[in-house]
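Dropping the structures in below, format is structure tokens.
Next, two complexes with chain A in common: one pairs it with chain B, the other with chain C.
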Partner chain A sequence: MSLKALRIVWRVTALNFRAQLEYRTEFLLMVAIGAVWQVSVIVFATVLLTRFTGMGGWDSSDVLLIPATRMLAHGLFVLFLGRMHWAGRQIQEGRIDVYLLRPMPVHRQVQLAYFPTNAIGDLTVAAGLMVGALSRSDLDWTAGRITYLIAAVLGGMLLEAALFTVVASAALRFPAADYWGRWLEELLGTFGSYPLNVLPRAVGGLLTYGLPLAFVAYFPAAVLTGHDTAVPYWLAAASPLLGLLAYLGARLLWRWALRHYSGVNG
Partner chain B sequence: MSGSIEVRGLTRTFHTTVRRPGLAGALRSLVNPERVAKHAVLDVSFDVAPGELLALLGPNGAGKSTTIKMLTGILTPTAGEARVAGVVPYQERERNARNIGAVFGQRTQLWWDLPVRESFAILRDIYEVPKAEHAARLKEFDELLDLSSFWDTRVRHLSLGQRVRSDLAAALLHDPPVVFLDEPTIGMDVVVKEQVREFLRNQVEERGRTVLLTTHDMTEVERLAERVVLINHGRLMLDGTLEEIRRKFGSTWQVRATLADPHAEVVPPPGIALLRHDGPRVVFGPDGPDAPTVHQALKAVIERFEVTDIGIDEADLEDVMRAAYVQATGDA
Partner chain C sequence: MAMVHAWRAARVTPLGELHAPPRMTAVLLRLSVQVVLVWSLWRGLYAQTGTTAGLDRDQAVTYAVLAVLASRLRELDQYTGRDTVLQHMHFGTIVYWYLRPLPPQRYYALRALGEQLYGLAWALGGYAVCLAVGAVEPPRSAAVAGVFLLSMLLGQWVLYYVMLVLDQLCFFTLRNNAAMLILLFAQNLLAGVYAPLWFFPDWFITMSAFLPFQATLSVPLSLYVGRIPLSDAALQIAVQAAWVVALALFTRWVWRRAAQRVISQGG
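Right after this comes the complex of A and B.
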């Protein structure tokens, strides 16, 4: 992205944010919904720390790294790339047609449609959880581990963005595909916080090779804490890279789908 | 830059599933869908010269919007080709976007949550318009469209008329040579409609912009367009001037006269038919494809007969287009 394009992105984002601030109650409600939406993860973490010593052979403090990584990745996804989750609605409202009239990439315009105020709540909870997870961790947090954790969070963000971009690409052709996005969000929220070895092998396999949820936080946390998983170590360790590759692949799919866009209402 | 539009054999085919009647039919369609090709636009060719305003007309579902979507780069044609200001819109979408402005009456291209002026400023940055130029153009548009009375209001709080005037300004702020307007005045009150028409006339006559307009408002066509293209069922039915359309579709005028001599022999001038003769009162209408225009007929009647009273009845464009649509539907 050129410097000029970055300036436009910053300007539109700042204006959108200012526009949200003007409706004070609505703004605070959106921040709150972002935090409340993660209540199941907070309950899970609380129960894990107060009632159990561990899960699936993992200590509680190690397990806590999984929801912390996933939530931080999710919060960043919502902040930077999350409008893809609502692309289906923008397609059905015909806004894609308008985006195609401007000399600017459509994907960027989808992201600039509004400011995601709920991301503030998401990120606040996620940052708190990550601070808690790191403070309880017995690991030696070397520069290498910290770098890998940062890469894992970014990789998780990109992987989630890739999954929603695939759904949005399908929605360009089949508007009903948008419902799959809701199912996907539900699935990520439900299974994203657990060490997947507690699940039946088939389900774990599905969440690894079918819907690659395991690469968002479970495998990176296993690499950091030294736990074995059902996949070779190199594959688990490559999670951040896979997130990047999945995102690049999804963007290519989006471009292809956009070239074959047939519009709404015929 | 030349603002011409060239369209050759443009075709857009959609594939849809045939809906079978009843629950059993619906289930059969689910298991064994029957796919059919539907031509939304089929082999349409026309040109629009730089600085010309062309009205693209047709009944609902005729293919007007699909044609505009292909010319603006939103849709890729199945076959044929198009060039807008020298650019193939569906191959170079972003380059084409810099050459065109577009207004879809039922959709806004402004940012819903931002004041109108902020949207204008963002578009200025996107299209890289120099600040002084942007300010001068905004001042000019404000004088024509009275934008300053509401441009600090968020788009979501604007009335339809205010919103479309803002959209028109937004579409033209980067000074595009070609403008596409898809039912821009739909749902507007007569005062705002007139303001928008004045603005469009100004943009064509003073700025030399090429405009392709779709509308169902025949007053708008009559006030703005010299030439129209009529399409129906995706096919081009007619490409000509308003006068040609009037001539082609039915008896579009009548000359009523009262003769000074009620017993005079009435032999109408060439191309004119005697429709009624009742004492001194006679009614003439066009006769055949080479009939004169109403004004020529009026002159011919006055020259041939001594009249004490004369008047004309001209079918309005609404009637003419109704006849054209009916005939076009019958031909398809």
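Right after this comes the complex of A and C.
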């Protein structure tokens, strides 16, 4: 991206932010919904941790690292790439046709459609949980571990973005595919926050190789805390890299789908 | 003639779904996978635990699977057809609700009835399959089944009014996406959709008792699995009925106020 393009992105984002401030109550509520959504994940995880101690052989301080990583990755996804989640709606409203006429890549225009105010709440709660998880952790936080944790969060963000980009690519051909995006968000929120070894092997396999949810936070947390998983160590350790590769693949799929886009009305 | 109008209004949203095969396929797959995942999760969690919060493994699994099935009852996508109240207010098309020979409140009720009946077909199909494969336990007696059905009916009635209140909010606020999302979240959390309310701290359960949300799902499912004994059923059903009456009166009053706020474009 050239310097000029970056300047345009910054200016559009600043304008989008000002637009969000037009309705102050709505702005504050949008911040709140981001926080509330994340809190719901914490509530669910806390209820399970309280009632079912020693979940899957993990103690609670280790388990906390899973929702903390996932939620921070999710918050960053919402802030930087989250408009992909709403691409289906933009396709249904025919906005893609307008984007195709403008001198800016369609993907960038989708991302610049509005400012994600809820990301403020998302990231605030996620950062709080991460601080809490790290302070309760007994691990020795060496430079290597911290670097891997940062890579894991970024990899998780890219993997989540990749999944939503795939759904958006499908929505370019079948607008009703937008429905899958909502399910995906629900699955990530419900099953992405605790050790997947509590599930039967087949179901865990589905959430590893079918929907690669395990690579977002479970495998990186297992690597950091030294827990065994159902996959070889090298594969679990490569989670951040897989996130990057998945995102690059998803962007190629998006470009291919966009070339074959024929409008929602045929 | 009135029946024809009612039928046409009731089938609006289900028809939209029936005409979109990818969405139908997605619903089937989502429901199947979600049931399997929830069933696996709760069985996995109970692998090293006995009874907790008054629920044993089979009760918890049955509750969780039934909650997934019940969530199908009102989950049709109105947004794609630009048919949510929020969109009608945004685009100004709400005015057409007031120009038809059918009062808006009746149109809304008929449409919701159609959606709930369509969702019920999915839920009943799913329930039959789950019962056949042993994923859920059958009701412990005919009396429990009868009480559950009555409680579920009242629960859906309360849910209808809760969703109506959310939609009515759109008449009074220009931008309310966030408020809608927060209220929907509260509905799901306090109804026990995410996890049975029995697992939450006491203060949370006490707070929920003063709100209508638990009447929509937690009460009927708790009756079904036996967490609420039959001896307490009369009180719980009376509370549900009281919520139906209170919310009916409230929403009726709000409909009148809402009508005063609708103006056609140009004033």
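The rule is simple: the second predicted complex is superposed on the first by the 256 of 266 C-alpha atoms of A that agree within 3 Å, B and C clash if a C-alpha of one lies under 4 Å from a C-alpha of the other, contacts with A are read in each partner's own complex, and residues count from 1 in each chain.
What we mean here is this: a residue touches a chain if its C-beta (ideal position, glycine included) is under 8 Å from a C-beta of that chain, and two chains touch if they have at least 3 such contacts.
Just so you know, these numbers come straight off a predicted model, no measurement behind them.
After overlaying the two complexes on the shared chain, residue contacts for A:Asp178 are found with chain C alone; chain B is out of touch.
The partner of chain A that touches more of its residues, comparing chain B with chain C, is C. Of the two partner chains, neither chain B nor chain C is touched by A:Tyr209. Residue contacts after overlaying the shared chain place A:Tyr114 against chain B, while chain C stays out of touching range. Of the two partner chains placed around the shared chain by superposition, chain C is the only one that A:Pro200 touches, whereas chain B remains out of contact.
Applying the stated contact rule after C-alpha superposition, one finds that A:Ile8 touches chain B and leaves chain C untouched. Of the two partner chains placed around the shared chain by superposition, neither chain B nor chain C is touched by A:Tyr233. When the two structures are aligned on the shared chain, A:Asp97 is found in touch with chain B, with no touch to chain C.
In the superposition on chain A, no residue of chain A contacts both chain B and chain C. Taken in their complex, chain B has these residues touching chain A: 14, 40, 66, 69, 72-76, 93-95, 97-98, 100, 102, 104, 107-109, 111-114, 118, 122-123, 125-128, 154. Against chain B, the residues of chain A that register as touching in their complex are 4, 7-8, 11-12, 15-16, 19-20, 94-95, 97-98, 100-104, 114, 259-263, 266. Only residues 20, 22-23, 26-27, 30, 33, 36-37, 40-41, 43-49, 52-53, 77, 79-80, 174-179, 181-182, 185, 189, 194-195, 199-200 of chain C touch chain A when the two sit together in their complex.
Within the complex formed with chain C, the chain A residues making contact are 23, 26, 29-30, 32-33, 36-37, 40, 43-44, 47-48, 50-52, 54-56, 89, 92, 118, 174-180, 183, 187, 190-191, 198-200, 203, 206.
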